[in-house]
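Same chain, two partners: chain A is paired with chain B first, then with chain C.
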Partner chain A sequence: MPKSETLRASRRNVLKGVGIATVGASLAPAGMALAQGTPAAPSAAKGPKLLEMEGKAKLIVLGDKPLNAETPAEMTDDDVTPIDKFFIRNNGLVPDAPADAKAWKIKIDGEVEKPMEITLGDLMSRFPNVSYKMMLECGGNGRSFFSPEARGNQWTNGGAGCAEWTGVRLADVLKAAGVKPSAVYTGHYGADPHLSGDASKPAISRGVPIAKAMEPHTLIVFKMNGKDLPLIHGGPVRLIVPGWAGSSSAKWLTRIWVRDKQHDGPGMGGFSYRLAKTPIVPGSKGDPKDTVILEAMPVRAVISFPADGARLASRKLDLRGHAWAGENEVKTVDISTDYGVTWKPAKVDAPPNKYAWQRFTASLDLPSAGYYEVWAKATDSKGVTQPFVAGNWNPQGYGGNPINRIRVLIAS
Partner chain B sequence: MPKSETLRASRRNVLKGVGIATVGASLAPAGMALAQGTPAAPSAAKGPKLLEMEGKAKLIVLGDKPLNAETPAEMTDDDVTPIDKFFIRNNGLVPDAPADAKAWKIKIDGEVEKPMEITLGDLMSRFPNVSYKMMLECGGNGRSFFSPEARGNQWTNGGAGCAEWTGVRLADVLKAAGVKPSAVYTGHYGADPHLSGDASKPAISRGVPIAKAMEPHTLIVFKMNGKDLPLIHGGPVRLIVPGWAGSSSAKWLTRIWVRDKQHDGPGMGGFSYRLAKTPIVPGSKGDPKDTVILEAMPVRAVISFPADGARLASRKLDLRGHAWAGENEVKTVDISTDYGVTWKPAKVDAPPNKYAWQRFTASLDLPSAGYYEVWAKATDSKGVTQPFVAGNWNPQGYGGNPINRIRVLIAS
Partner chain C sequence: MTQLNITHVVVISLTAVFLLVALDRAGELRGPQPTYTPPAAPAPVVAAVVDPDKGKPPPHNDTVADLPDGNGREVTFYTCTACHGVALIKAQGLTRDLWDSTFDLMLERHKMAPVKPEERAEILDYLTEQFPPRRRGRNADNPFLK
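What follows is the complex of A and B.
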């Protein structure tokens, strides 16, 4: 179904005056405002900065140092996100690639009976290899929708992708090491140097409750879409803690420290990956004491076809997109073309496995030529749906998952 | 129920740093942003300009020439809008008050068997006098919610009020004049000079289809809330065409011209009081040929208590407001305090008569201290509800009726 010809065709069909280079969030020309100016896109009169990297598509660069780049919505149309279209999120520097990936060492220590140091080669041969299609999503995905602006990379909805990951279960490895009853939390360490390059400075180290670590979809991963895990995506080996803020899924994995208390590495404290416990005044300073850890990501639907700003020849519109919901399944996706007055259910496919995104499709028949916004709203298996705006403001802008809105112009 | 003590108390309770002078749309301090920055209020670091006029409350001045002033939401809490709180909308200059109101003359001509010129005194004694509580609403009410900005006074929701109007039925007068089968439309004329003061320049003259003119609630009015109609509100005599754009309700009425075709006076053509026939790109130029006349006003709910920006001592909140829906009745009002994820029905009172606004009340129990937005959404008897943003952009910004949003801070 997701044909790259279709995508290219749609990109050719965007409103006049916008060249093919300015893809993504800024497809629509300046005059084609979203009603009430949702800050849905990096403001870009000349278009956003596009990634130029071998093996990667022209993602939208949100930051250079560290490098962070998101996937424009119309590039998320594949059932499984290709490596070249997969978003890039770094906290520190990218380490050098090892000469011998199989010799890469991972240490398991802390609250275990038999601390171990195991090479990637041994890991691959000693434990069952499993493959799942699973979401990986930046904890700050949707941050740009907050007003006033929250600190950090201004992700729209493109800090998320669903690849097929192959690895071994973290649970199998931890069981082999013998998890003690005192185990409460994990602490994850990677080989990426601190952004300053100063080896004495601590790099990000996050972790998860032991139950999530033992969840059978939490993997130590060495293949992405059947290929060796690329360096930029954490190769040769990383964690995938699916459905949770991506920062838990340490890249360039070197150590799992099993803790007898909540992990306290860099990235666990202050306002990092934490939500306000009770709602605070937008733009206020907040107090780190009044926060809770961001764990599972919230429900979200993203329209992948047509592209925002598409000029369409027909009033008949076959819409496509993906939806996901952290620990939960997406039950319904509803579409509105009249600013939320009426809604029509989309068809939502079952996920191929837990933690995969779900395809939704809808056939729309717009009442006339002209300008429309098309809105998509997902609801999960717990009945939780997306808000209409990003509420619950917090200083670093986590949990922003307002309903997705694109603009289309139906030619007369 | 609407106690001015309560209102004053609420105004005293607004967030610190905002004085009592800056009432209304800008109660909340600069930092207390509405999520995703709905342009809900005239931007006002120092607060809006307040009306200083004998017999009038401190309305929010939207324009000086002509004078236009809206009622802040927390001043719309009365069952019947008092004269002092009633919004002011002018197109031209305010004429001089007549020395003898009863001698004021109104001409009925055009497609009638017996053209007439009748004094106000004769009108009052010759035809049955009736009283109704009815909405009067500026056609541009809600204009400020459009993005990009539309031309004209930037009304929030305060270009509307519900007074008790006393007058005679226009239908009775037209019947007395003998409406010909050729009658199609009315044209209304008032004594207000053109804004330039140049008597040779035509002042606004709008009209309505003959069926609406014959509707038993369409009145020639000379009393407002039991008092002689004040000059600023069109006294000594005006039309009230309830539920429709206020510009049809000519002030200082001098003539009803019954036409054999749609009226073509100033205010009927171009983009004036006209909506886009099919949706156009926001901010585009538009084409007057692709427009239709704005007739009935859309469904709308406005929270009158608490005030936007109120600081409240308790998590228990007794909310109040009014809702109305042009030609229709309001069936439901729903309240959300979580950005539209969940909704709770408010209690909606029946209107005292057709075209009156309807009181809604709700008891909320907010889950914690902190910052909340409270949203109100009305749905009419036809099942039409308010959109979440002002869609269907048009160059003069008519029909903007997004759901109402206020901010409150629950003290810990």
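What follows is the complex of A and C.
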């Protein structure tokens, strides 16, 4: 939106007596605020590329092949992320939509008494169906906060969403197959073809320790927000391993291979989904043998209102956002408008169930007009909070969860 | 050489009209024709055919020109875009060391087809020159990187 339009819009809102007028304008091109509520006409300023896809909102495209797109922070205000606003993460190509979803087959094999192949239709009718609102978050969420740059798609905080997932418990299915005492890990496979088109190469295959696979919120999912799981989100059937790096939540699920050792599929080795065990110099290559697997995602708060770069008409500000913390619950969210000199607690709602994000709200009364940064910092039930900068640099940029920061300008 | 007379003109014109009408597959040159309307078919009993591409993202193709000009642009383009788009390359700014380990990641994790050593060097030169670290943050002058 051109600046003149923005100013006009602000003035209009002031005249109407609107207390707070955010108009989705951006102060800086680096902001993501351009994405919301802007007219279709392209702005002269070069902003991020926006997604044009049926059934999807104008997410920010990080890459077209494979398609990866994140949700701008100001589009994350819903308690349950609508399908159209949900981020997209792919490692390979999107497989063909099946002619008959219920005939889709999933194989359970490896360290089980009774290996089985079950259709989605049978899976849905044979095991209890459960629904939870749960986080799905890209393992690389927050990568763009690392300095110097880490390798991979430069996610800000938008590789995360909280949808209502319906499915069956992976534990129920594994119990039916009879998990042997030798089982220690799972290996997940999906139907997504490798980007090269070579069918012999899996695009990705990650897994989790048996204890996480048996956790009652780990689901084989076929519905998202009450609708058939869309193809782009892994439909007709996928895994949801809530709170953990999203790559273990295999899309287009075809096989669970129960392993007698840590899974070694593509995406398990090197620095993929791994953190440096001994801290390394930022920007250095590191030693792939000295790493630990990224499991649960770190604690994170994201302000959904106002948008970064918002021009506000009032000093009084009702701030909103969501916070989540991997395996843990968020206990507090603190807000600072003076670069961390003073902090004020926000109101934090309880989650509807484990692994759901939590709403935080705060009423601020800024001391004057002018430029402010609003910072939000979550602390979890273990007392773990967010760092001021993305620390523990690693070559592929995992675990970047610095304090969230937006910039606003209060009209004088 | 034979001169064109009126007979030639008429024959050529008639032939042209005949050909046009004969080849007029869209029927734009003819007037309305009576058409045969078959009796309504019974409702199909088979399920509607699912379009396998329904729900997929739109196809995407980059060209060499999507990468900045420089030595090694072509080999870089064709090597990398055998799998992924150029946006992934352009989003990153890495040292030669990290681009080099990116190459290993592509070979080992992503099973990229083997690349000749001289091509690898050419690609690394290009990536290092075109896409160096850009984020001038607090680690831009780390003493341990020198």
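Heads up, the rule we're going with is that the second predicted complex is superposed on the first by the 367 of 412 C-alpha atoms of A that agree within 3 Å, B and C clash if a C-alpha of one lies under 4 Å from a C-alpha of the other, contacts with A are read in each partner's own complex, and residues count from 1 in each chain.
By definition in this document, a residue touches a chain if its C-beta (ideal position, glycine included) is under 8 Å from a C-beta of that chain, and two chains touch if they have at least 3 such contacts.
This is a predicted model, so every value here is computed, not measured.
> Per the contact definition in the header, classify A:S368: touching chain B only (first), chain C only (second), both, or neither.
First partner only, chain B.
> Contacts for A:D96 in the overlay, against chain B (first) and chain C (second): which applies, first, second, both or neither?
A:D96: touches chain C, not chain B.
> One more residue to check, A:I232. First (chain B), second (chain C), both or neither?
A:I232: touches chain C, not chain B.
> Taking the superposition as given, does A:W393 touch the first partner, chain B, the second, chain C, both, or neither?
both
> With both complexes superposed on chain A, which partner does A:V384 reach: first (chain B), second (chain C), both or neither?
A:V384 contacts chain B only, not chain C.
> So, does A:T278 touch the first partner chain B, the second partner chain C, both, or neither?
After superposition on chain A, A:T278 lies in contact with chain B alone.
> For A:S147, decide between first (touching chain B), second (touching chain C), both and neither.
A:S147: touches chain B and chain C.
> In the overlaid three-chain picture, which partner chain does A:D349 touch, first (chain B) or second (chain C), both, or neither?
Touch partners of A:D349: none, neither chain B nor chain C.
> Show which residues of chain A both chain B and chain C reach, each in its own complex.
146-148, 281-284, 389, 393
> Note which residues of chain A are touching chain C in the complex, please.
Touch list, chain A to chain C: 49, 52-53, 55, 61-67, 88, 94, 96-100, 146-149, 151-154, 194-196, 198, 201, 230-232, 235, 266-267, 269-272, 281-285, 389, 393, 395.
> Flag every residue of chain B that touches chain A in the complex, lowest number first.
Checking each residue of chain B against chain A gives 31-39, 145-148, 276, 278-284, 338-341, 368-373, 384-393, 402, 409.
> Could you pull out which chain C residues touch chain A in their complex?
47, 49-58, 60, 62, 81-85, 87-88, 91-95, 97-98, 100-102, 104-105, 108-113, 133-135, 137-140, 142, 144-145
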